[in-house]
Each structure stands twice: as C-alpha cells, then as structure tokens.
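Below, chain A partners chain B and then partners chain C, in two separate complexes.
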Partner chain A sequence: MSVSDVSEKAPSSLGAMWRDKKTRAIIMQIVAVIAVLLFFGWLVNNTVSNIENLGIKVGFDFLWNTASYDINQTLIDYTANDTHFRAGLVGLLNTLLVAVCGVILATILGFSAGVARLSNNFVLSRLMQVYVEAVRNVPVLLQILLWYGIILHSFPRVKAAEPIIEGVIATNRGLFLPQPLPQDGFGWVWIAFFAGIIGSFFFRRYAKKALDSTGKQLPVLWASLGLIIGLPIIVYFLMGQPLGVSMPELKGFNYKGGFAIKPEFLALWLALSIYTGAFIAEIVRAGILSVSHGQSEAAHALGIKPSLTMRLVVVPQALRVIIPPLISQYLNLTKNSSLAIAIGYMDIVATLGGISLNQSGRALEIMLIILSVYLFLSLSISGVMNIYNERVKLVER
Partner chain B sequence: MKKLLPLAVGIAAIAATSGAYATTLEDVKSADVLKCGVSTGLAGFATPDDAGNWQGLDVDLCRAVAAAVLGDSEKVEFVPLSSKVRFEVLKSGEIDVLSRVTTWTLTRDVGLGLNFAGVNYYDGQGFMVSKELGVNSASELDGASVCIQTGTTTELNLSEYFRLNNMTYEPVPVETSAEGRSAYSAGRCDIYTTDASALAAQRSGLENPADHIILPEIISKEPLGPVVRHGDDQWFDIVKWTHNAMLNAEELGVTSANAMERSKDASNPAVQKLLGTADAGLGAQLGLSEDWAMNIITQVGNYSESFERNVGAETPLKLARGLNALWTNGGIQYAPPIK
Partner chain C sequence: MSEQTRDYVLGEHPELPAPDQRSGFVKWAMENLFSSIGNSVVTIVGLYILYLVIPPFIQWAIIDSVVLGAESRRECQAINPDGACWAFIYRRWDQFVYGFYPAPERWRVNLSFVFVAIIIAIALVEKLRAIKGAIWVALALVAACAILIVGGMFGLDRVPTNKFGGFMLTLIIGLTGIFASLPIGIVLALSRLSSLPIFSIFATIFIEFIRGVPLITLLFIASTLLSYFLPPGTNFDLLVRVLIMVTLFSAAYLAEVIRGGLAAIPRGQYEAADALGLSYWKSMRLIILPQALKISIPGIVSSFIGLFKDTTLVLIIGLLDPLGIGQAAIADVKWIALSNELYVFIALFFFVFCFSMSRYSLYLERKLHTGHKR
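Right after this comes the complex of A and B.
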C-alpha cells in the first residue's frame, strides 16, 4: 500500500480515522513498534544503570589486554602473550574448522544413507533406518560425550601405542600423522593447483557449449580431475619434489613433530557429523521420493542411460526439495558446535566465552560478541545456500 | 550454548532488577533464610553427605553467617554454582554471599565490583602425577599434557610457570572436577593441576590414591574466601566479622562445647566481649543481636573445629593446618580483635 492512497481518503476527525480499516491497521502497527522499542529501551537502560550502581566497568577495551592462557589447538600463531581478541579469533577459527569439516562429512554420510535407505537391498535399507532412528532420537550432547569417552578409553595410552604404519600412531591423546613440510619451490604446486581449478571451470563452460551446439559429450569429470590433481603432481615432480616430512616421535611425555588430530576435535567432529547426517539422510530420501516416478520412466523412454537419468533428471528436481531444509541442518550443526565446551574443545565459546570471560568478568560484552558471531555465521551460511537454492530452483515458465 | 544459559539468566536478572535495593541484612531477615553460593561438589569444602546435608569448610562459613544473622545455622539455602557463573549470580542478587573456594585477586575485588570478606583457606596451586612416571619435581614436566579445570586462575598460573621455566605443555581443559578425574585416569593427561587442597580431594576420589603423588612445588598464592557485592558495607562487615569471630574463638580457646560455660567466666574480658556477655554493644554495631558470635560458636564451632571436621588429618583429605594455622602456631590466620 502506498502512502498516497491513504492520504487521498484521509478522514478528517480522529474517530473517522479509527473507523477506517487501513488507517486503523497502520495506527496499531505504529503502537506495537513503539511498545517493543520502549520495552527494549527500558531493558537496556535498566541494565546500564544497574551496572553503574554496582560500580562495574563496561566496554570492549579488555579485548586488547593480554590473555595469559594457552590453547591446545591453534590454526594461527598464538601464545599466552597475545590478546583476548586473538584468543577469541583462535576460538572462532576452531569453531569454523569443526563446522566446515562437520558439514562436509555430514553431507557425505547423509546423502549415502538417504540413497541407501531407498535401496532394494533389504539389509542395507533396514540398517540405514536403524542408524537414522537411533541417532536422531538421542541428544547430541550425549553423543559427543559418548564419542569422547570411546576415544579416551578405547585407544591406547601414549606410552603403550604402537604405530599402525610408519609415522601413523593412534593414541588417546590424538592421532599423530607425518606432517608434510613445503620447501622452496612448493609455491608453484599451489599455483598449478589453482590454475587447474580455473582451467576446469573454463573447460566445463566449453563442454556445455559443445553439448548445446553439436550434441557431443566431452569427458568433463576426467578432464577436471586431470587438471586439478594431475597438473600439480606434474609440477611437483618437475620442481624436484620440494616437500620434506616431519615424523612424530615419542620424546618424554608425548609425541613431538608430525601433525596431531586431537581427540576432542575427533569426538566433536564425528558426533556432530553422524548426528546431522541422520537428519540429512531423511531430507535426501524425502527429496528423491518427491520426484514422481513418471519422470524417470519418461527419461528411460527417451533412451537416456540410468546413470544419466539420476544425474540429469531426478537429482536436479530432488535438489529443489532438499536444499531449503539442508540449510537448516548446516545451521544446526554450526550452532551445535558450541557444545564443544563439554569435552574441552577450544571453540569460541570455550576461549572467549569461557576463560576470557572468567578472567575479565565482562559477561555482558562477551555474550554480545559471541551472539553476534553466531548470528553472522548463520546468516552467511544461509545467504550462500540461498544463492545456491536460487540456481537449482525449478525455473517456471 | 547450554553452559551459557545460567549466564544469560544472570544477565537477564541484572537487566530486570529495578534500581532501588533494600539492604542485604533486611532482605535476609525478612526472607528468614540466607542464600549462599557454594561449589557444585568439592570434598571437604562443599558437598552434600548421604543424607543430603551440605558439609564442608565453605558450607560452615555460610552456616556461621546464618547463625549470626538469623540465630539458626540451619536457615541456609545452598545454591551450587559452577566457577563460571558464580560472579554473575552474586552480582544479580540471587545469592547473599558466595563461599566457593574463590581466589582473591585485584581484578575480582575491583573490576568485578565485589568485596572479599577475608580468607578462610590459604591455598596454592600444585601438581598431581602418577608415581609410574617417576617425576619428583615440577621442573621435570617439560612436554607433558596437563589437565586443567577451566574458568579459574589456575590457567594463568600454569601458563606463567611453564613459560618462566622454559618448558612447553599441552593444556587439556576440563569442565568439571569429575570430568578431570576421568580424563586423568584414562591417561589423556600426565598431570592434574589445581589448588593443592582440591588436588587432595581429587586424589581421594581416584581408584588407588596411593599411586599418585602431589609434587612439592606450589606455584601460586590462592587465598580463598567468602565474597559479597559492592555497595553494602554493613553486610560486608557482618560476613568479615563472622569469619573473624571463628578465628578469635579458636585463639581464645572457645569451642562449641565450652562456649556457654566460658561466657559466664568474668575473668576474661576478651571472651566476654566475643560472646556478648560484656554489654559492650558490639552486636548492635553490626546490626545483629548481642549473642551473634555465641550462636556461631555453639552451632558451628570455632575455625579449628570446622577445619578438623572437614579437611583435617582425620578426613580423607588429610590436610595439615600449614599456612592455615593461627599466627600463634606458626601459620598466617590472624584475626583483628573483637572489642
């Protein structure tokens, strides 16, 4: 409704305004907005004045104070001499790491389980049903604790552990792996890798054009794999294998060198992925079932191969049903990662919201920061997925 | 986010409380119950026994305040709090006093708007290791994995100690003491670190306590004491002098058994002033009845009685008085005189 058509019929007196349906609706809405604003204003005002009464300092300056505590898993350089801000950043990256890894594994698990549930193989489909029903009906916190307990108690202690193969040791302090150390000239391999990605993108466009104009199918998958994986490998050997290896070795109390995946990360990652995977399986199953059988029958009648039928006919139509609920599952996984604190995985809730909060006592400010971070993460995921959803959506003519 | 919920509640409580306060003393008297924040379960300091009654050194302090203010040490509502939410809950006014092995530091005293009403246990951070490892000193701990309870000052001490001694370590944060014990006994970490008193409590809960030793090094000062909010000096005084009364009683040899008898003995004016029989009007100055200290000592006991009953040599914790002996016995527990 535009403003002009209200003013055209603008009644003269207040009573007349109230009797007019449209005007009344506007007045009611304005009153509701003012009431909500007043309520929040009162809340904020009260908080601020109460805090002043208690003589507590408010502000974000504490973020630049020295954190003075250590974190066991850091993706960027961090020492106890860094600030609370950087400690929060380390936590945020750990949150992102487990969220990204979790989303990938959950998607793989979910799609496999969803397709397998529809399989004609009785044992397989029942097995997947048991997985879905057992996992999604148990609180995820308990599953995280369960996986952590399994890792702590079933893997050997550091001193008792034997290497599985040279340089790979599984202990209850983590999985120790050899770490590749890039040397001079390894940068070219990265360049080849990114060039491969860009190249395969252009090849795909070319292949699509060729398909549209001549009807000839080019081997897009194989060409892309060759470009993205093959090209860097060739460059790697051309440069004279510029890669060293650091092997984990038992020194004193722990393994030194190499690369360690901590049990806390492993437990959280597995628990979140398996839990979310069960929900995704149901979403995928529903998506595939939503495509009517006539669609694949029509494709068969046209002589399209069964593998292509799935890829070109069924999946694109199923995706438009699958994507929106899938977004919610990705959001849930990201938010559930805050349960990390239960097993001591140092995500943003554990670093900034835990130790920093306890040291600085700035509960209000830190809560605000963490709430905004999760809000921003969730909206970003939602935004990206919505763009993807726009692309796979059924185009109606 | 579950751990943040109590915080959110605390913040909401700050937001919703209106500006005007009655004094804490009036609030406690009109409610006829003292709300006291304690640990969620730490042997010797605050833990419910088989019958559900709270026991411990920190618990005794709550009971002593209730005895002084309400005349009955049973009129206490114990609120178990995690280390993370304790200050929010205190600041929001949900509890009247926090008696929860809380270390007195400048940041907490000043920056958080709190007041420490004394020190009921002088503690320090120590290390526990398994005897198997053959470690005899904290200087041999380079490269170890260390289980550490989050949300305490212990993290800072630990980080500082290892850095100053040019050693590295892997911190393994644990949320509760039960979880820490489980991670330690599963071998997730080599060392368990927390306040020495709590280490003794943790060790007593392990399968074979004799297989583990507490290393001689104490790496920090941890004065633990009761905490109140800023802005109510009268209440601050009451909690402070409750603790002082228990110490003075020990110094004067007044116990729960002999307090009645001693109060009638006119030969010792200090005892008479403490027990309110000297007509000095000391209770009135605190806003309490004259028999306030009498109630504390007959119902809870003096500091020594409380110490021996909860953490002393006869308990599973087997803690020596050490620093917590009276100044007259070589310790540093020293209370200003009641006169």
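Right after this comes the complex of A and C.
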C-alpha cells in the first residue's frame, strides 16, 4: 500500500490536501497555468490598449506597399519599386546564402583544424591551438567588424588593384571573379552531372550487393568520382565547350562584368566561418578523442589497414559524438548572421527589421515575422537532428 | 618490422639497428617535427607562416607604434607612418573605461571595480569562501556597487544610465547576466525535467523559443517593442530592459547545459535520495544538483564566456560598450579609420577575460574531479 493510498482516505482539510503529493502537484500546476494565463492576458491587454491609445494601425497589409529602397545584393530580381514583402524575401535569401556558404567553409576549416590539432607535428598542432583559442575568445561581432575594416581599409582601391591571377581582383569594393556564362547546350552538362549522381548511387548499391554475395570489393569511390565528374566533362567536350567567360574589366570607377562578391558579404562570410570553424575544430577533436583507444587497437588486431580503421571504425563512432553539437554550431552560425546589420549586409534583419520597420513603423508585425522565420529555421533543423540522433543512438541493454 | 619478423629463423637473431642514441631537443625534434617527409614539409610551412605573420605584427604593434605625443592620426603618421597609432587609445582611455560617466564621479566606478574584485575573489578562492559570513559580505558589496554606480542615495548624485559606457558597461551587463542567469537556469532545467507536465511544457517552450532566435532580435524587442506590452505610460530604463533580456537569454542556454548534467546523474542517485526520505527540494539541493553542476562546469563556463562576448551586441541598439565608443571614435576626423588599432585593442580585452575564464574552468574541472572517470 503506497503513501498516497493512505492519504486518499482522508483529504478532509486543506492542509491534508497540501500534504498529499498528487493533489499538491495538481494544485501547483493549476496555479502555474493561471499565473501564466494572467501574465499573457495582462500583456495582450496592455498591447491592445496601447495600440488604441496611440492609434496605430495593425495588420500585415503594409507588406504589399512599395518598399522604395535599394538593396545592394540580391539573389532574385528586386528594384526599389517592389514591395516590402519582396524586400523581406531578398533579405531572407541573403541570410540563407551567407548561412549556407558559412556552414560549408566553417565545416572545412573546422574539420581540418580539429584533425590538425591532434597531429603529432608540434608546430601544426600548436598553430591550430592558437587559432582556436584566439578566435573563440573574441566576440564574433568584433571579428565581423575587423574583417570589414581590413577589406575596406587594407585592400587596394579599385584603381590601384592588380589582378592576383588573371581575372581575379581583390579590391576594397569587393572581390571580382570571372563568371562562367553557360551557352546553348550547357543544359546537357547539368543533365550528365545529375545522371552521374544517380548512376553512382545505383553503382554503390550494386557494389554492396556484390560485396555481400561474393566478398569482392569494387572501387566505389573511383567509380563514383568518374561518374559524377568525368561524365559531365566528357559531355562538355562533346557539346563543343558551350561555356563562355565574362571577365571583370575596369570601366570608369568600378569593375564591370564578371562576378562580384560584395565586401559586406565577404567580411560576414569570412568572420562567421572562421569563428564557427574554431568551435567545430574543438568538437571534432573531442569527438575523435572520445573513441576509446581499444577500438582502434581491436581493429589493428583484426588486421584492418590503418586507413580503413579510421574510416570504418573510428570515424563512424566519432561522428555520433560530433554531429549533435555540430548541428547546433550550424544553427549558431545562422543566428549570428543576423549581426550582418552592423556592417550593412542586407539580410532579413537589415531589410525587414531595419529599413522596412523604419518606413512602416509596424514593429510588432515585423518582429513577429522575423522571430517566426528564425524559430522555423531552428526548430526544423533541430527536428532533423533529433531524427538523426534516434537513428545513430547506441542501443544499450 | 613485419618483414623482419617473417625473416626470423629460430636460433638466429635478426640484425636490428642500434637503438636511437640521440636525446634532448634533437630527438624531440626528430620525433615531433621531422619524422617523415610530409611532416617536415608541414613543419617548414608552419614556421614560414609564423615568420610571415609575427615579425611584421610586432613591428607594427610595438616597434613602430606611437603611444605618446600625438594628438591626431596625422601626427601619429608624422612620427611613424608604418606603425600602430596607440595614441588614439591613450587619448580616449577614459571613454573606453567609463563611457560618458561624469568625470568628478568616476571614483565611484573605481571603488566599484575594487568591490567587484573582492566579490570575485570571495566567489573563487576557497579559503575566503569558507570564512563565516563571507557570502553576506559579498551580497552587501553587490548592493554597494549598485548604489555607488547608479547613485541617487546617500548623498550621491544620480547618474543616468545613458552615461554608462565602455568596459564598465561590459562588466555591468556581463556580471549581472552571469550572476542572475545561473539560478534562473537551474530552475528552468529542473522544471523542464519535472514530472509535472505543465511545468515541463512551459519550461520547454520558453527554452526553445529563446534558443531559436538570435539575441539581436530579443534586444530589438527590448529596445523598441517592450513599450507596447507594458501599461501605457510606463517607461523603464533601456539598460534594465537589456539586462533582463540578456539574463533570460543566457538562462535558457544554461538550462540546457544543466539539463545535460542532470541527465548524466545515474538513476541510482535519485532513488537513493528518495530512499532517504528527502523531499524533492532537499534531494535536489543536497544530492543531485551538487553532482550535476559539477559535471556541467565546462558547459556553464563556456556559456558565461558566450554571454560576456555577446555583450558587444548592445552597440546595435545604441548602448555605448567599448566597441560602440570605438566606432564613434574612429568616425572622428582626428582619428578617422583607425579601425585595426581599435579592434586589436578590444579583442585583447575580451581575450584576456574569456581566456582566463576558460582556463579557470579547466582548473576547476581538474580540482573537482573526484575520480569516477576511468
């Protein structure tokens, strides 16, 4: 007979109800719900009366008004005559652009630095330690401003800039690169590329089957590379090299043609990648160290080659430790990209939350949109992460 | 190696090379720097990078630099055009430390710095903490700091918070956030893991919301939107709003760190506490939390470091932290565009603080490590 059964017989007074664990839990939860509801009711009430008093219009109709400001970097067509909604969309795409580019570069930097920190080479591991410690302990906003300052003040002016290599010019107005211009027939190269990806997928399955049934190992990596890279190249030459190049040329005060990376994007991208890369390096290092030494010893004892030991034994186990914090670093990078506003990179906080907000005065609605966008990004990524975690979780007992 | 083993014939000894006779630095260098061709290349490239970076930096930052005797960037360049113009920091030093705190009242800030040093010493040094009443002294000093800096009592003039700035502001936001967010974070973590579903749901929603949005949007809400949510006519200080937001933000991150610690405590510990007949709060305070907090120390400290670094974001909503002061200063015609000097200087400040915090956490981890790890 449990304790609660005893007290259930005589919940005669309030005191007895309070002493009973179950009743107390219910009372406390009801009180908490009421308190939270009252608090939010108070907030809503205040907001409504404030809006009435100040005569502010509420609603999302302003999104369809003309934005009438320019954005210096757009992935989709945008002019000052477009709506606030489109400006917000441009901002969102810019956020995603810098987030995706940042994640790629940060992963490369982080994995190289993390592995290099574990190197036996004293100079290399110390250099990487200095990188990690120096970058992790300095605010990311400061690093963004520092990179922006370096590009603006220390890169050569447009007139004085010398090409680093043919067609690549670094100036304080940005980085200018040659731009490939696909001509008629280039679509076939894309088709060959995707066909290569699908083909390598099927080859992998075939190779796995062959391995399971005959024990024979097929060169999966080389075959895949051949299909994904080689096939498009062959098609490219078969089609008679349907690719032109637009070179950046100095015309007047700036370079025309080619592909220009704006200094704001460059600064933000470098700063975020280098900053997040340092955190990823620590995560990778911890992940590799977390694989018990016995695992690699066991692999050696089984006669598995060192390179295969790393790939088949150590890395899969390390990844289980690495992936969850890695994803949260990706999320941090995406959230940190909102600091773009400090250097005037037009992400969603700078377009919608900056100029659109000042023009329309709809602070409530705009903050709601921005918060929902970030929440959606974060929750969907962490949802994916949870699914992955379930799949790779060690099943114990 | 393997070939020699294979060639070994019973009764015959393989002729292995003599053991390495080298010792000291040469041996160490051969093993760690030049053990193979690839390794040697890496070493040489690494040293070359150091050679490319360090001497010019020292030349710029120390040898060619100008600290005294220059009133503007032009004068700096007249003395030495290639060096750093630290004169800029030197001339603006007071602003970097106190912001626009009125000069005759700055002793109050200085006294508070001393008090803060004493509080930190009490918090960190075990011998001081063990003295009876030390915690009350610390709390009294906290109150004294607040009264000293804000004023308006005991004959001290009130200093409006928009005069606060510089490192003083960083320390105010950072330390308030650190000390206020820890208890809130613990409560949030406990309620998220609570068996009472309502508490767990509320805590989860709060934590996930805060962690899902960037701090800068929360600061925007604090600076522009909060007046909508409060009764008409209320207008409370921007700094207080920022402090509340920073504290809540940091508390949500801390809650997740502490939740990890709580989850790592073996089930048996909870059961043992129950078996002893301890109430929920007593079992948490005496059994679970001491262990959970101990294993979460690295995470807690790194989230404190994150909070300290994030204090720079207040510049975006117009508070004058050192970076904000510096941005205003390099817009001044006299010191125009000295951005490298400014950022190196402020980076150094943050590095010193954050690096010492992370080293302290390593030390604490080692000290509290009671040997459950294999």
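Side notes on the structure shown:
Here is the rule we go by: the second predicted complex is superposed on the first by the 361 of 397 C-alpha atoms of A that agree within 3 Å, B and C clash if a C-alpha of one lies under 4 Å from a C-alpha of the other, contacts with A are read in each partner's own complex, and residues count from 1 in each chain.
By definition in this document, a contact is a pair of C-beta atoms (placed from the backbone, for glycine too) under 8 Å apart; a residue touches a chain by one contact, two chains touch by 3 or more.
In this text the structure is predicted, and so the values were computed from the model without any measurement.
With both structures placed on the common chain, the touch criterion links A:V123 to chain C but leaves chain B unconnected. Using the contact criterion defined above for the overlaid structures, shared-chain residue A:L339 touches chain B and also reaches chain C. In the superposition on chain A, A:E133 makes contact with chain C only, not with chain B.
In the superposed model, A:F203 lies in contact with neither chain B nor chain C.
Of the two partner chains placed by superposition, only chain B is touched by A:Y69; chain C is not. By the touch criterion stated above, A:M367 is placed in contact with chain B and with chain C alike.
Residue contacts after overlaying the shared chain place A:L43 against chain B and chain C alike. In the superposed model, A:F193 lies in contact with neither chain B nor chain C. Residue contacts after overlaying the shared chain place A:V33 against chain C, while chain B stays out of touching range. Applying the stated touch rule to the two superposed structures, the overlap between the chain B and chain C interfaces on chain A comprises residues 43, 46-47, 49-51, 53, 141, 152-153, 335, 338-339, 341-342, 349, 353, 357, 363-364, 367, 370. Against chain A, in their complex, chain C makes its touches with residues 31-33, 35, 39, 42-43, 46-47, 49-50, 195-199, 202, 208-209, 211-217, 220-221, 224-225, 227-232, 305, 309-313, 315-316, 323, 327, 337, 339-340, 343, 346-347, 350-351, 354-355, 358. The part of chain B that touches chain A in the complex is made up of residues 1-4, 7-8, 10-11, 14-19, 83-84, 87-88, 91, 107-108, 111-113, 133, 141-145, 150-152, 155-156, 158-160, 163, 169-175, 182-183, 186-188, 190, 229-231. Within the complex, the chain A residues that touch chain B are 43-44, 46-47, 49-51, 53-57, 68-72, 80, 141, 152-153, 157-158, 172-173, 251-254, 256, 263, 335, 338-339, 341-342, 344, 346, 349-350, 353-355, 357-361, 363-364, 367, 370.
Those residues of chain A lying in contact with chain C across their complex are 25, 28-29, 32-33, 36, 43, 46-47, 49-51, 53, 119-124, 127, 133-134, 136-143, 145-146, 149-150, 152-154, 335-336, 338-339, 341-342, 349, 353, 357, 363-364, 367, 370-371, 374-375, 377-379.
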